[in-house]
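I've put the structures underneath this note.
Shared between the two complexes below is chain A, which has chain B as its partner in the first and chain C in the second.
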Partner chain A sequence: MDYYLGILQTIGVHTLLGLSAYILLLTGQVSMAQIGFFAIGAYSSGVLTVIFSWHIYPALAFGAFLASFFAFLVGFPALRVKGLMLVIATIAFSEIVRLITFNFVWMVEKDGIMVGADGAQGFREIRYFTTNGWESSQVVLLIWIFVVIVMAMLWWLDRVKAGAVLRAVGNDELAAQSSGIDLTTVKVAAMTAGGFIAGLGGGLYAHAVSYVDHITFTILMATFAISYPILGGTKNVFGTLLAVIFIQGILIEAFRFLEDWRLIIFGLIIILVMNFMPNGLVSLFNSRKSKKGT
Partner chain B sequence: MNVEFIDIVQSLIDGVLYGSTYALIGLGFTLIFGAMEKLNMAYAASSIGGAYVGLGVSVLFSFPLVLIFFIGPIAAGVLSVLVYFCCFRYLPSNNHLAALMASIGGLFFIDEIISHETDGSPLDFPELGIFSEAYFEIEFSDMFLGFRGDLIFVMFASFVAMLFLLYLLYRTRLGLATRAVSQQPIAAQLCGISIHQTNSITFIIAGVLGGIAGCLAAASVGVISPLLVLPLTVKGLIVTVMGGLGSIRGAIIAGLLVGGLESVFLLLRGVNERDIYVFLLLFIFLVFKPNGFFGAEIDRD
Partner chain C sequence: MSILKVDNLCKNFGGVRAVDGLNFEINQGEIFGLIGPNGSGKSTTINVICGLYQPSEGSIFLEGKKINGLKPNQCVDVGISRTFQNIRLFGDLTVWQNLWVAWRDDKNNQSSWFSNWFGRSETQEKLISELLNFSGLESRANDLASNLSFGEQRRLELARAVASKPKLIFLDEPAAGMNKEEVKELRERIFRLRDLGITIFLVEHVMDLVMNVSNRITVLNFGKAIAEGDPESVQKDKSVQEAYFGQ
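Up next is the complex of A and B:
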């Protein structure tokens, strides 16, 4: 049973990660920085509950806000450049964050043992849930409540003017600009919102698995994050969820017997999907898809 | 730690010599970007993959180890053109995102196959024979500066490769076709140049350059490991951006600069923090000089 709850946890957290990349992809930006924001959320909320003994909710909120603040800061220089240059810049950002977590040491003694982040050893013992007597099922429920809230908000976003503005920027920047849309504001806003969602996911992940280290935040995870909305398509939020279930639920879990061949297959799947369905898996269900890739 | 001026100069020298491999990788990215306006994220992976194939073939058939430096680049060229056919050739040419994702898929595909075949552990790579034992010392106004023989060879070999590339680009019909396709693809096609053929040749040339860089980098470190792939990818991209996308001299200068600075950061801040500062440098460039050293070249087109 715990095994299946674990899968549900992973799928939930990865959905948040995918949705954070999704909102940026709506504006036509490919960001590899989401795993950096995820790491900021994970470490900062972990420090708050472990070292400062905060309650979980304010810690999660702080992690998400800190991540969105960094997203806001990164947004300005990174969005001066477009398309492929943005990919390079955001890869560099994620690697900077990963290397900082690799070097980050902040340990205090608590009840006779040292707790906190220990550089390359990672951040162990983020035990808020176990010490406060949460069941695994309650943790899963908490994660999925957040997933549903975020998905509902993104769903609602697509039904109001803000969503149309995002998609307008994604479809044709020049046309959007000539209709009076301020590109920088829209892109930085999308970046900030994406950072918030990724930071929230990071905080939930850190507390759910109770251990994070720099290996959690590699370029591979950044690729996972951006590949969910790209594989799932940007038609609506459910594409991302489907892609997460497909990759994490089926490819990674159900094919466990394939061992390290799974990551080789992951690379192959991306190549094949991009060759045959450059607009994502969604084109399987919908042949007259309007949005072109940029 | 007490760092003297001479130590900084010394590590700058080592770094600039080693940086010539970054320059080669950056050149490869730039060549492909210049030809197709697309990033080939699998480029460093195919370069290291070529070095692995060279090592494997040489050990398997017990060839003299010097042959690695010929088989490796050829294999890298083959891998690179395979990447072209899998990730670029049949994708819609206006869809940069799809090609980018596909080549990231290629990056992981090659990287994971290497990890799978070697169980993720590093392999010994033959060092550069007599060059790795040579060491020159130069007295320069009461300072002694050392030059490692193998690194001098690395730089020399890289420069030979670069000169060969420049000859190919500016003195042959093939180079003329490549430059024509990169400047005006449609006009080039109207003149009877086959775009796909030219692009695949560009990928082969870039792949061979990358294979040389991969072999030289592995030889100067003495080991080859799948862990080389991602840092080489990121640093190659940084070199490309700093030099200005599509600029050849920019990539060479930026490669040497990144190598030198990386080595100084290594001396001052240690191996764990070194790359943070190299990556921060990229952000400084993005803010103050988003087009790199010679980015104006592409703006003119």
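Up next is the complex of A and C:
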């Protein structure tokens, strides 16, 4: 049972991470900074509950807002670069954040033991849930409530003008600008929203697993974050969820016996999907629907 | 009354002078044609006025106010919109959404910031469907723009340029690739826009269209204006005939 709860928890957190990259991908920005925002959310909310004994919800909110603040700041220089240059610039940001967590020491004594972040040793004892008597099923439920809220909001966004504007910028920046859209506003807003979602995911993750360190925030995770919406497609929010279930649930878990070969298969799947399903995994469902219709 | 005044406009690309000391003035409510052989600097002129490029020299005035150096979206704010020579639509959006994205409320009847971005008003829906009727696209409102035929795409792009409520529209070769019937429809649309009080700046290769609709025409060759005047006098001009057909 715990094993399946663990998978559900991973899928939930990764979906948040993927959705944070999804909203940026709508505007045509391929960002590797999402894991950096995730790390900011994880560490800041961890510091608040562990060292300052905050309640979980304000701590999560603070982590998300702090991450979105940094995303807002990253958004401006990111405007000036596109495509590969943006990928490199955002990798640099994520690495800076990772190296800060690697060197970040802030420990205090509580009930006779030292708690807090201890540099390369990582941030242990983020035990808000266990000390407050949460069952692991309740933690997973909390994560999924947030996943559903974020997905519902992004779904709604696609039905209002703001969402259409995001896609317009992703389709053709020049045409969007010539139709009166301010690229700065749109791209920075998307970056800020993406940072918020990633920061929320980071805070939930840190508290759910009770231990994070710099290895959690490597480039591999940034690659996962952006590959979910690419693999799932940007037609709607379910593509990202589908891709996370596919990668984390099926590829990583069901094919455990393949060990490191899974990463090679992961790369292969991305290439195949891009070639044969340019609209992503969601098109699996859409094509079936349209066949029924005709 | 002049709506747009261009004074000694120049644009250099490296050593190439694509637009070289251009002067013209467009009156409120007229249809102004700009023609010239390939590579004579017509599209560059539009791109400089609409904010895609900075002018190397010279000034641009809209209703007496200098608008040099505005970004393309700021040009839309002051009342200029445009279409592109190679159609640029938002292919992942529906026809309706393409117009919605560019839509602006009337200056004296603006909805709040929130309802503009996150709402949808009934007047907005009504006016956008009127615009769809104007372009003959009402039956395709919910189709993706990328699924439209070439002629429909051209119509949608024109409608999108109108959606931002401009005073002045730049049309960059709107009749390129159209058949005779479509050109005729386009001419009707251009006249209807003029009747609504929108000033039109037309860059066009299809002489049949530009000679029939324009009040005045300027002819460009190698970035310089070589002739200007009403369609008839321009057609008879010797230097124009030389530029098009050689000596």
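One rule holds for everything that comes next: the second predicted complex is superposed on the first by the 276 of 294 C-alpha atoms of A that agree within 3 Å, B and C clash if a C-alpha of one lies under 4 Å from a C-alpha of the other, contacts with A are read in each partner's own complex, and residues count from 1 in each chain.
In this section, contacts are C-beta pairs under 8 Å (C-beta built on N, C-alpha and C of every residue); 3 or more make two chains touch, one makes a residue touch a chain.
A quick note: this is a predicted structure, and the numbers were derived from the prediction, not measured.
After overlaying the two complexes on the shared chain, residue contacts for A:274 are found with chain B alone; chain C is out of touch. When the shared chain is aligned, chain C comes close enough to touch A:161, but chain B does not.
Touch criterion met: A:220 reaches chain B, while chain C stays clear of it.
When the shared chain is aligned, no partner comes close enough to touch A:136: not chain B, not chain C. By the touch criterion defined above, A:171 reaches chain C but does not reach chain B. Shared-chain residue A:230: touches chain B; no touch with chain C.
Within the superposed three-chain model, A:210 lies out of touch with both chain B and chain C [touch as defined at top].
Greater residue coverage of chain A by touch, when chain B is weighed against chain C, goes to B. Contacts from chain A toward chain C in the complex involve residues 160-162, 164-165, 167-168, 170-172, 174-183. Across the complex, chain B is touched by residues 30, 77-78, 80-81, 83-85, 87-89, 91-93, 95-96, 99-100, 102-103, 119-120, 218-220, 223, 226-227, 230, 260-261, 263-264, 266-271, 274-275, 278, 292-294 of chain A. Contacts from chain B toward chain A in the complex involve residues 33, 38-39, 86-87, 90-92, 94-102, 104-113, 115-116, 230, 234, 237-238, 240-241, 245, 272-273, 275-276, 279-280, 282-283, 286-287, 290. In the complex of the two chains, the chain C residues touching chain A come out as 50, 52, 71-73, 75-77, 81-82, 84, 88-93, 97-98, 100-104, 116-120, 160, 163-164.
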